[in-house]
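Note that the chains take the letters A, B, C, D and E in the order they are written out, and that residue 1 is the start of every chain.
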Amino acid sequence: MAAKIKKVSKKVGQPPGTLMHIGNGGTEKAEISLIDYNKDTIVEKKVDSIEECREFKDKSTVTWINIVGLGDLAVIRALGNKFGIHPLVLEDIVNTGQRPKLEDFENYLFIVLKMIFYKDKEGEIETEQVSLIVGPDFVISLQERKGDVFNPLRERIRNGKGSIRKMGSDYLTYTLIDTIIDNYFIVLEKVGEKLEDMEEELVSDPSTETLQAIHRLKREMIYLRKSVWPLREVITRLERGDSLLIKKSSHIYFRDIYDHTIQVMDAIETSREMLTGMLDIYLSSVSNRMNDVMKVLTIIATIFIPLTFIAGIYGMNFEYMPELGWRGAYFVVLFVMLVVGAGMIAYFKNKKWL
Amino acid sequence: MAAKIKKVSKKVGQPPGTLMHIGNGGTEKAEISLIDYNKDTIVEKKVDSIEECREFKDKSTVTWINIVGLGDLAVIRALGNKFGIHPLVLEDIVNTGQRPKLEDFENYLFIVLKMIFYKDKEGEIETEQVSLIVGPDFVISLQERKGDVFNPLRERIRNGKGSIRKMGSDYLTYTLIDTIIDNYFIVLEKVGEKLEDMEEELVSDPSTETLQAIHRLKREMIYLRKSVWPLREVITRLERGDSLLIKKSSHIYFRDIYDHTIQVMDAIETSREMLTGMLDIYLSSVSNRMNDVMKVLTIIATIFIPLTFIAGIYGMNFEYMPELGWRGAYFVVLFVMLVVGAGMIAYFKNKKWL
Amino acid sequence: MAAKIKKVSKKVGQPPGTLMHIGNGGTEKAEISLIDYNKDTIVEKKVDSIEECREFKDKSTVTWINIVGLGDLAVIRALGNKFGIHPLVLEDIVNTGQRPKLEDFENYLFIVLKMIFYKDKEGEIETEQVSLIVGPDFVISLQERKGDVFNPLRERIRNGKGSIRKMGSDYLTYTLIDTIIDNYFIVLEKVGEKLEDMEEELVSDPSTETLQAIHRLKREMIYLRKSVWPLREVITRLERGDSLLIKKSSHIYFRDIYDHTIQVMDAIETSREMLTGMLDIYLSSVSNRMNDVMKVLTIIATIFIPLTFIAGIYGMNFEYMPELGWRGAYFVVLFVMLVVGAGMIAYFKNKKWL
Amino acid sequence: MAAKIKKVSKKVGQPPGTLMHIGNGGTEKAEISLIDYNKDTIVEKKVDSIEECREFKDKSTVTWINIVGLGDLAVIRALGNKFGIHPLVLEDIVNTGQRPKLEDFENYLFIVLKMIFYKDKEGEIETEQVSLIVGPDFVISLQERKGDVFNPLRERIRNGKGSIRKMGSDYLTYTLIDTIIDNYFIVLEKVGEKLEDMEEELVSDPSTETLQAIHRLKREMIYLRKSVWPLREVITRLERGDSLLIKKSSHIYFRDIYDHTIQVMDAIETSREMLTGMLDIYLSSVSNRMNDVMKVLTIIATIFIPLTFIAGIYGMNFEYMPELGWRGAYFVVLFVMLVVGAGMIAYFKNKKWL
Amino acid sequence: MAAKIKKVSKKVGQPPGTLMHIGNGGTEKAEISLIDYNKDTIVEKKVDSIEECREFKDKSTVTWINIVGLGDLAVIRALGNKFGIHPLVLEDIVNTGQRPKLEDFENYLFIVLKMIFYKDKEGEIETEQVSLIVGPDFVISLQERKGDVFNPLRERIRNGKGSIRKMGSDYLTYTLIDTIIDNYFIVLEKVGEKLEDMEEELVSDPSTETLQAIHRLKREMIYLRKSVWPLREVITRLERGDSLLIKKSSHIYFRDIYDHTIQVMDAIETSREMLTGMLDIYLSSVSNRMNDVMKVLTIIATIFIPLTFIAGIYGMNFEYMPELGWRGAYFVVLFVMLVVGAGMIAYFKNKKWL
């Protein structure tokens, strides 16, 4: 967690609007790809600079510009100049410590989202900030790292599958957000599997590592919840039609992803409650093991301590101990010991400790 | 839980409106049954295809179409075409991971509900998604699996019992929802019985299995609560008369089922609180058993350890130990041991450990 | 709790408005008593049937009809016919699983309340549903069982004590609700006494029964809270003057009982918090006893185990053990044992274990 | 707590407006003192009856009547008659179980407050109900018991210190409430000191008494919170200017005491959280002591049990045990025992148990 | 905490508006520094008295007066006179027990903020109250102690870096608040590092000191949360444009720091949840150590107690014990003991206790 805060504190003391990349995007050159389409035509190309995108911006076709690599501040600055984006928005794009949010600047919307990935080995959830700038007929998406989550969407645009080619930039925005939220389900599915593994481990062989794993996952769930919770508000505002850039006919689609967000929240809550339950079972499991240890000690000790006492009596060196001289006394004592021992065992069986 | 999320993640990457059945409905042919009635007449028949239902749709009589089997996508698609249902609604019908909700499309209402069943053996609660499409004079209900919950209702329509034959599609909707909510009471009653069994088990013979059963049931309650909570909102909106399809005279009936929903919520909350209390009792019960074990150990050890020490003294081989030669010393020592032992027992009795 | 849900599930599958008594009222004939009064006159009589009450209904005097016994469905049905009460209201009257609520039917108010009794022996709180139907100049109260809670009120009407004879049906409603809420204070007082008893028991002699009693009482408090919480809303609506049947001059009286409701809620909350604190003290008390047991074991064992070891050494049978032959060696060893034992005791005293 | 509820239940069954003192005020004669002032003049006197106060009421000067002793019902009744106070208000004045509240009767305000005192010896917080009746140019304050909290205020009026003499009855009301709230800080300061003492005790010498003291203080904090919470609302309404009796220029003063109320709430919350933390430390402290006990037992037992076993071997009486006859065998065995014992101690040192 | 309340209680009984410094500011002379600037010019100087600042107040340039040292009441009083500040505001400035708040006096805004510092050695968070008085073209900032947090800001004004020189007093207010909030990130980063250290310590070597450190930090987090929570409201009101002194063009900047406040809240919540998790791990860690101790005891005792018993048998002095005379019996018994001991060890290995 310290790491997450550290990212932000680096910028302390800078005037607002200062661009400084805080995140994992590196500083190599940004990759810019562009898809320009309408019902009939489609242009797709890799571009070198934001300048090349300008011509598409003013056309009535829908233009989707995808920028990967937030460390290339020159590109971000060019974006600000050519598309007239507010400096504070640019700052938020490169500073990846933002919460999901929607800001409405009359001629464009600025949307911040969190993409999540589950790193199986470390049992950790990694997030990546995805920013969207939505104009009347363009959408600019900005990612920290390369990834293939948007590939099926590109495929759909190319093939004209579904109604995407017939719709505007608001529908493209919807599909982008939908893709990101769908990703949450994949991560939650993996978390669910991990939970089931841990649950078995808990009963069979609980260790301090299990406890730490439970706490680590619980913390990840808390962190995830913080990423999804503000998303609800973002989508509610898109669904309610606060912005003129979202056409009324698209509201139903945003209502659909609103439902998905709620389902994600539900799954996160369920995971958290399962983890809390697992903590209880862990503690109970540990205390049961302790009880088992104690029982063995008690059984051994309570059987043999009285027997040792009896042996001790006849080990005394008194000159006058009549039993010592009796024939068979030794065997009588052995028999008595047997009876006492068997009695103890019967007592424990009765108490269900054996 | 992983299973529940998995269902949804299968669809990731598909364009919206793609029909893909996610649930337990299987893929065999859907069963469609139709009841068409008004105050005077009643027609009841099994139909093969949605097309056959069309003629009834436009008549002023109330038409109830019940479809069982969501895996038969052809029927769902036909329903969409003939009745003009939005593709996203069709998608929600076949994807059974929805939360209860109400969507108002001017000319019809789309209602998603959850039917619940208690599987006694596994101690699990199973849910089935029931969707209702409510038009001005028709109601279409869609179920995942065959079941007999709606049979008493069919009987009432046939017999004209109650006022159902005189009322419109809104009243039919009410009775359908009422039937589903009544089912919750049956499940909660069974859960209540299970709780009472577990409570007795807790005190008499608590085991790790009991603990796991408590947690399993607690989780089921959490899941149930999530099914019922949004139901409240659905019914509030029906009661408040947001939709023109619900006549003002029917509001009182929806207020009635609103009251039932609150009672269900109350019963779920009570169950949860009982389960929390049972966890406390379980832990206390386990720790009491531990105490019992410790007490036995302590009593045995503290009685015999001093006695063994005395025996040990007179087992020493010193040449000059005057007591060894005394007559009766042996019996004196035995008597001393008896007194010490009895003193210990008296002490424990006094401390109430015996 | 199962019992409480069972009551409701009996009715599953019945059409709405079906009268079926669910509760403890039995099926014997209902007792109907009537008081009709204004400033000057008073008529009081037992009546046999609702029909006899009709003549009083239309007079401008205030008429209070008290019906005891909800199992006599004929009376309930007659009430519905003669006074024009909605079938769903009649259903709610006889089905005693309702939560406190207020329903406003333009020409009458329907109020559901819960009367509570504390059964000292079982340590349980019993509830009884009391329904009020408030018209412009009549009040009908319906109870499950006979009781004398309303007797002081009858006395006040007879004697014209207080201002009750000068006021209308709204004031009578106020006094009826006030009487019921005053009863809560009596129950809470008894619960408070029970709590104080349990608190003493906790410290002096905690047992699993105490724990179960705490949990039982906690559950009763939760249940009680659920009865009182909706009451707040009922009274707020009466106080705010939502209904024309409540005169403006009576609002101040309803504000008064609103204050009482808040005080009841406060007392319930305080009880719950005390019970939570008692759980902590119970657990700590049990663990303290365990510690006491362990300390005794430890003290006895750590004193005698080293001494027994010393005795063991001189019990060995080596041929060449010079000490054995020394005169006084025995007494030296005894003295050493005394010193070791005393040293241990001093150590424990120092550690404050003795 | 039972005591607190009992007070209220005494009145059950009485008609509303019945005066019956419930509290600690006793029944001796009330003490009435009067201060009448404006910028220029001041009259201060003890009066015998409410009648004497009447002449001051109608003068335009500010009149402050302070009444101590709520058991003197004659005075309360006279107050009702002469100043036209509603019977329910009189009832609330003498029944000291009220929560802080503000009631607005067009020509006067009725304010209920709670004065608190910390009884150091018992570690308990005692409350006293203070009622204020605020008219256009008079304030009547009613207290249960004599006290000197208002003395500095009287002094300020006499000396004309601050702006009090230039202001109206609303400012006097403000200073009265301010004085009461200031008293909360004094109590919370004492509680804070108590908490610090308890914190030290917890670590040095935790006992069941400490646990009970924590719980008692926690309960007091809960009770205190209930007294302060509604106060917030009272002051918010005064600050917002709901009543015409509070001049606009005084709003800023009420905002000031609103801030103080929030600070009191904060301090109470902080105390509660500290107490919760102390519970954790108590439990951990007790369990640490238990661990210490167990460690001593384990160390002693694990060192001496093997040694005693060795001694036991050579205490056996077999005829043919070659070692017994060896010269120096005894010393070898003693040396072996020393090595085993030292090895055990080294092991424990290594495990950090010593 | 007691200390924090004590500060406030000192003032009890004083009339409102009485200036009395409650805090750590000392009583030495206040240091006043002034910066007056617009786009083109800048004047910066240390001044001796508030009087010297007056001339700048009425100029249209932005004037920032920074006052350090709240114990110098003469300066505060002069500020009140020359700038027309309400006495209650002056009181709040010098009484440093305020919560963050915003008060809007038509011609100026009064803002209270909390600056925080992390004292690494003590593991404590220290707060300092910073008050801002914002007029149409001046900002007065008041601090308790000298510090260098505002130096980078002064540098920016001198260099004309960023847009600060072109903007008005509202933008200066924004940068001041931004600087203070940025400081929170620095503190939270340090807390994060501390948390990571403690987490390692927890697993490797948990002690009661660790527990106390966790609780201390948890309390600091609670206290911090109370400082930040009301800040949210302050900034929301500035962002929403409630005051005419904040220009519309500045709203976006306040929205920016609103986002930061939310991030601070998130980080505090995350820290709290981590601390709660650490408490669980601490308790589990302590209980694991206890288990280890018990296991060692059990293993040693259960191996040697039966062996000692066997030795005890052959230490008995019966005259007729045939085994004693057998040759090799001694070695057989030793072998039997070896087998029993090895069997026990195998049993423990099997149970995974070794």
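One rule holds in what follows: a contact is a pair of C-beta atoms (placed from the backbone, for glycine too) under 8 Å apart; a residue touches a chain by one contact, two chains touch by 3 or more.
Since the structure is predicted, the reported quantities are computational estimates derived from the model, not experimental observations.
Colleague: Among the remaining chains, which ones contact both chain B and chain C?
Modeller: Joint contacts: the list comes back empty.
Colleague: How big is the rotation, 0 to 180°, that puts the C-alpha atoms of chain B on those of chain E, in steps of 5?
Modeller: The superposition gives an angle of 145 degrees.
Colleague: With centres defined as the mean C-alpha position, give me the chain A-chain B separation in Å.
Modeller: Roughly 27 Å, centre to centre.
Colleague: Take the average of all CA coordinates in chain A, do the same for chain D, and state the distance between these two points in whole angstrom.
Modeller: 43
Colleague: Note the residues in chain E that touch 2 or more other chains, in rising order.
Modeller: 287, 290, 294, 297, 301, 305, 308, 312, 315-317, 321
Colleague: Give the list of chain A residues in touch with chain B in this complex.
Modeller: Against chain B, the touching part of chain A is residues 152, 156, 161-164, 174-175, 178-179, 182-183, 185-186, 188-189, 192-193, 195-196, 203, 252-253, 255-256, 259, 262-263, 266-267, 269-271, 273-274, 277, 280-281, 284-285, 287-288, 290-291, 294-295, 297-298, 301-302, 305-306, 308-309, 312-313, 315-321, 351, 353.
Colleague: Note which residues of chain E are touching chain D in the complex, please.
Modeller: Touching chain D from chain E are residues 1-6, 8-9, 11-13, 15-18, 86, 88, 92, 97-99, 101, 103, 208, 211-212, 215, 218-219, 222-223, 226, 279, 282-283, 286-287, 289-290, 292-294, 296-297, 300-301, 304-305, 307-308, 311-312, 314-317, 321, 323-325, 327-330, 333-334.
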